[in-house]
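What follows is a pair of complexes built around chain A, which joins chain B in one and chain C in the other.
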Partner chain A sequence: MTTLKQQEGGAPSRKGAPRPSGTSSSRGIRKQAAATPWLFLAPYLVLFIAFVLVPIVFGAWISLHTWDYTRPLKPFVGLQNYVELFTPDSRQFANFWGAMQATGIFTLFSVPLLLTIPLAVALLMAKKFPGRNFFRAVYFAPYVLGVAVIGVLWRYLLDNNIGLVNYYMGLVGLPSDIAWTTSTPAAWVALVGVTVWWTLGFNAVIYLAGLQDIPSELYEAARMDGASAWQQFVNITIPGLRPVLSFVALTTLIASVNMFGQSYLMTQGGPGRETRTAIYQIADTGLRNFQMGSAAAMSYVLTLFLIALSLLVFWLFRERKDGR
Partner chain B sequence: MNHPKRSLRGRLRAATALGAVALLGLTACGGSGSEQAASEFTGEYDGPAVELSFWNGFTGGDGPFMETMIEEFNAEHENIKVSSNTMQWADFYQRLPAAVTAGEGPDVGAMHLDQLSSMAARNVIVPVDDLTDTLELTGDDFTQEVWDAGVYQDERFGIPLDVHSLAMYYNTEHFEKAGITEAPTDAASFEDALKKLQAAGYDTPFWMPSLWPSHLMNLSLQWQNGNEPYDAEASKANFASPEGLEAIDWQRGIVEDGYSPSNVAIDSQYVAFKNGETSITWDGIWQLNDLEASGMSYASAPIPTIFDEKAVWASSHNFFLPRQAQPDPDKANAAKVFIAWMSENSAEWAGSGMIPARESVRAEGALEGMPQEAIAEDIDSMRFLPPVPGIGQVQTETLEVGVNKAVLGEESPEDAMTEAADNASTLMEENKASFGE
Partner chain C sequence: MSSTVETRTTRTGDPSAKPARKLRLGTLAKIVLLAVVALIFISPVIFMIVTSFKTRPDATSIPPSWIPNPFSLEAYRTLLAPGTNTPVLRWFFNSMVAAIIHSALVVVTASLAAYPLARMNFRGKKIVFAVIVATLLVPPVILVIPNYLLVSDLGWLNSLVAIIVPTAASAFGVFFMRQFFISLPDDLEEAARIDGANRFQMFTRIILPLAKPAMATLALLAFLGNWNDFLWPVYVLFTPEVQTLPPGLSTLQSANAVRYDLLMAGAVIASVPVLALFVFLQRFIIEGVSRSGVKG
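The block that comes next holds the complex of A and B.
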């Protein structure tokens, strides 16, 4: 439903795992408790198995059927649901790939903005100035709101005939008749813009934590060597933030690919079907039209794309051993 | 999804696989066929005290009236306590099948007429023929169309509570300034009114929505032009027939002639009407209470007959009984007592802006002095969607998309509606196959 609602916040620690020491007491703990790690993991494992692993397997099983859960017969159809997604003259084909394209467009434009703007905000917020906490709160505040709130709010603000956005744009001499929610590409500008406004606070907070982890001695040393602000940014800040960057890039990517609520509430997938994202199409197919098998197949295809993209991000942010 | 073009080999493979799966016992879930609600209904309930859960989607101006009626029912019946669970209709139609399939369905509910056959075909609801027999309810007390639309495969699944249609609302202050004394009734007087309103300074007097309720306007116009949007066998959509295209052309024409701004987003034509930014709007009669509460000066009238026949889209709230995993005869009987009482007392429901479905209730003066009185006079010209399983899905997937594209000017009305009609015909064929008609 929402984007960017990760449970696990916080930057990964930069410090490595503590080395096991050779004292007798720690050896005793290790001996007595082969089961200890499992016990610690148990609550999470139970949830993981019940709500992640089982649904994954069951979903794959469903995708091999014509599965309408209200009907007694759910005939096995093998890979037919997948084949239809890749057969240009099937009814699902155009809808699904149109939705995949919409998801692609949204991801392409939202991810770079959600990587760079929060970084700029975090760099500003890391400086000491009066009212800093107030501004930090201002940037984070929208993230607290649910997607239903921001969707309805912006639907009215962006309405091209009665909304405030066009009204104010007209007052300052800008075009005042842009159809923000009923025409493309304006609808994409609106959806990406609202999403950036809504979620940049989360990424900014993580960047901020990462920035504070970079030792200030490095900057001091660089300044003594006469490095400019830009050189400091490129040679200290960016490398220091790398683990944080890869975390932010990955979670932002996943959240953007899973976008649904914004277009469901603000544009209703319109004009026509142009802003129907993949999740929107999957929800419509499975929950409203009862074609669970086809919807499950769609979600597996989407998952494959997401895995491929995630691997690409991992590769881009990998630890480079170039000797410097 | 039972694709009609599936190859023979595909079918054979599927059949073999189905056998294998059945052997594994993995398809063991869901009941078979439709089941009658347990036990004969006697018209009264004198068993032990029961509590009934009643699901509905009366979230708008109609909600408080439903709550009042339930309270009165509870006060009159010592051994029955009805507690209602109200949710958005869109959620309702997703949740109900899931709940019933999981054996957690409500004891009684209300839904729209055009969903009854889908829910019946999905075995979510059970027939209520014994109820109509005991209550001596017959088609004579209802308009034929609303009564017939509750029947699916020779069994009745719904007891109509009300009828609700589109209506025309207009701003009386604007009309006065423009010198219009009577509500327009046909294409000529409607256009005349729009011209006069423009001359009086109301530049865009009739906003044409691009989404809800635009497709309902479109259906009304198609019927007015003698077009059946869905043919009698429910296997073909006719939105793109010459008559159908005239209907959508008229809607797009409102924008092109400058009576409406372009790109009217969802809900904004109604908000604009309440703000006095537009003078006329067509919307459901369920908005009456909301308009009343807003304090604006408005009046309501039937929508004008733009083409040849008097016709307007309408739907109806129907009481139904969900299938129960473990039928409880006491609860089933109590639920029927509840439905019977609500139907007999539906005069009160008129306060919600709806039109009581029963002629006898209307004849007793339920609508006297009510704002919907004038609209109710046209009840015989109200048209309902055919009782075909899956018709709701066909509408959202095809007609709504086509009307949206055409009204926005994204595509020519002809292209948009031809594509929509083709998709709808395919979907209807698929539905027919999957519901085994």
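The block that comes next holds the complex of A and C.
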């Protein structure tokens, strides 16, 4: 990896060196006390078991109970919490599926934009030119700001009356009185747009690293054969980026399905409940209203959706037989 | 770039030079275009900083001004004044303490755990590693409800421990450090072993010094993650004195919906450390991110 070489000290050049794992058999001969590796692992495993493994199981257990945090009795109800989520006249049904729909809308619009725009940015920056690192940093910069900052900031910029966005839209002859945070579909445009602005640089950087790993000889050979820029893009860039593409698609998908802060801060889930996402609904049900059994069930249903979508991504980007 | 060199010799307008000049102009045009787009791209952040130095009426004036008139520290004074119910300075301090301890905890536990997973053979190694990596795919929402109950049982609700410890079991951190440890040559430990070093000494004296850049990158990413985390602190920290900046900002917004000068000053205070870190260490941050992606 080219990027690794720029790291200070330490890392030996990877290029041409044999895979270090090939020597692992010699490590086996080197004996240590049986407990040694576990002593190294212990601090991490304590945290990992307590706050990751146990909660995964515990959450499933909670979802089988009517678990109100504020009440002493937590009766076992079997799958009732799940059944309720799928029963149209239950009290959770409309809220939950409304929120799932909101998450779906957000994901549907944000993921394609976050796959394509950062790729375009990365392609623009793939060749060396003066100031490249500066531009790369500029496009990445919003990402280091937290969602709290960007939420508060854009709430201001998108204000109906005094916001920058409406003002400049008016200047160029567009409608200047759009209620970005209090009406749909404008709120969706705002939420997706802000998210794209916020996280575009993250994906672009990963694409860039991937682009740098594609051997330039492939492009040279293609040019010799008279391939157009578009043909090079389709036949070399896209196949060469496949592992990176699938990683970006997966992380973007997971991030979009987990959207919360933007709508919590910019639209407060409104107007009405339209932009209240699944995570918002789960947090509110469990941590505001303390109906933790229901909330846990919701989180497992959402997770199943996410797993199904992830598998779909894996399948879409699977290694086909004739790769390059 | 060969095109730039060529242009210099063909400035005179020789028609045969056109392709070369075109290339150069193309590059120049590209840079100008990128600069304009970059300026527009980053302008929201600039406007945030500008507004934080405005007076209250100036912050809501139309047309929006890009230079504070008059330049004012009123918003910062109001926010940082003692005795408010929005103690921004306290939030800043809480955020700092939490993020520093959290990232130290991540780096220490992840490095220790990654070492045997990268450089020792033992029974159960594959299973342990597979389970850790598998949890990378577990959406964090699954953990929210049970961890809230755990944290509550431990008596950590509404205390900084709640945002320092539970999120410190970083599967990403272990994976990241392991990838680095694996890349180191074997002979290093061989030599140390002949000198009579035990495993722990090999780790602290040979491996860790070499791993400093990787540890620094992981520490940075953990710091950024903790500093910016939103959902979890919003629900587990609920009194102003123990809150961190992200939930603090959200209460600031609901308490001062129209005081945009205050909100932007608060946002700037929350951004200063991460923007400063980014400006000075952007190479580390960007490469840490790109490496995690490509290696993942």
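In the analysis below, the second predicted complex is superposed on the first by the 274 of 324 C-alpha atoms of A that agree within 3 Å, B and C clash if a C-alpha of one lies under 4 Å from a C-alpha of the other, contacts with A are read in each partner's own complex, and residues count from 1 in each chain.
Convention: contacts are C-beta pairs under 8 Å (C-beta built on N, C-alpha and C of every residue); 3 or more make two chains touch, one makes a residue touch a chain.
Owing to the predicted nature of the structure, the values given are computational and were not obtained by experimental measurement.
**Student:** Between chain B (first) and chain C (second), which does A:Val257 come into contact with in this model arrangement: first, second, both, or neither?
**Tutor:** Touch status of A:Val257: second partner only.
**Student:** A:Thr70 in the overlay: touching chain B, chain C, both, or neither? Say first, second, both or neither.
**Tutor:** After superposing on A, A:Thr70 lies in contact with chain B but is clear of chain C.
**Student:** For A:Val138 in the superposed arrangement: first (chain B), second (chain C), both or neither?
**Tutor:** It touches chain C, and chain B stays clear.
**Student:** Which partner chains sit in contact with A:Phe86 here, chain B, chain C, both or neither? Use first/second/both/neither.
**Tutor:** Neither partner.
**Student:** Where does A:Pro271 make contact in the superposed view: on chain B (first), on chain C (second), on both, or on neither?
**Tutor:** So A:Pro271 only meets chain B here.
**Student:** Mind working out whether A:Val149 is in touch with chain B, chain C, both or neither, as first, second, both or neither?
**Tutor:** second
**Student:** Looking at the overlay, does A:Phe129 come into contact with chain B only (first), chain C only (second), both, or neither?
**Tutor:** After superposition on chain A, A:Phe129 lies in contact with chain C alone.
**Student:** With both complexes superposed on chain A, which partner does A:Val248 reach: first (chain B), second (chain C), both or neither?
**Tutor:** In the superposed model, A:Val248 contacts chain C only, not chain B.
**Student:** Classify the contacts of A:Leu287 with the two partner chains as first (chain B alone), second (chain C alone), both, or neither.
**Tutor:** both
**Student:** In the overlay, work out which of chain B or chain C sits against more residues of chain A.
**Tutor:** In the superposed model, C touches more residues of chain A.
**Student:** Which residues of chain A are in contact with chain B in one complex and with chain C in the other?
**Tutor:** Of chain A, residues 69, 155-156, 159, 161-162, 287-288 contact chain B in one complex and chain C in the other.
**Student:** How about chain A: which of its residues touch chain B in the complex?
**Tutor:** 66, 68-78, 80-81, 84, 89-92, 155-156, 159-162, 179, 181-183, 268, 270-273, 287-291, 293-294
**Student:** Where on chain B does chain A make contact in their complex?
**Tutor:** Touching chain A: residues 1-3, 5-6, 10, 13-14, 17-18, 20-21, 27, 29-32, 93-94, 97-98, 100-101, 122-124, 207, 210-211, 261-268, 271-272, 275, 277, 393, 396-397, 401, 404-405, 408, 410-411, 423, 426-427, 430, 434 of chain B.
**Student:** Can you name the residues of chain C that touch chain A in the complex?
**Tutor:** Spelled out, the residues of chain C in touch with chain A are 1, 27, 30-31, 34-35, 38, 41-42, 44-45, 47-48, 51, 60-64, 108-110, 112-113, 115-117, 119-122, 125, 128, 131-132, 135, 137-150, 152, 165-169, 171, 174, 180, 182-186, 189, 193, 199, 203, 210-214, 224, 227-231, 234-235, 245-247, 249-250, 252-253, 260, 263-264, 266-267, 270-271, 274-275, 277-278, 282-283, 285-287, 289-291, 293-296.
**Student:** Can you list the chain A residues touching chain C in their complex?
**Tutor:** It comes out as residues 1, 3-4, 6-12, 14, 20-21, 23-24, 26-28, 30, 32, 34, 36-38, 40-41, 43-45, 47-48, 50-56, 58-59, 62, 69, 124, 128-131, 133, 135-142, 144-149, 151-157, 159, 161-162, 164, 167, 197, 202, 205-206, 208-210, 213, 243-244, 247-248, 251, 254, 257-258, 260-261, 264-265, 278-279, 282-283, 286-288, 292, 295-296, 299-300, 302-303, 306-307, 310.
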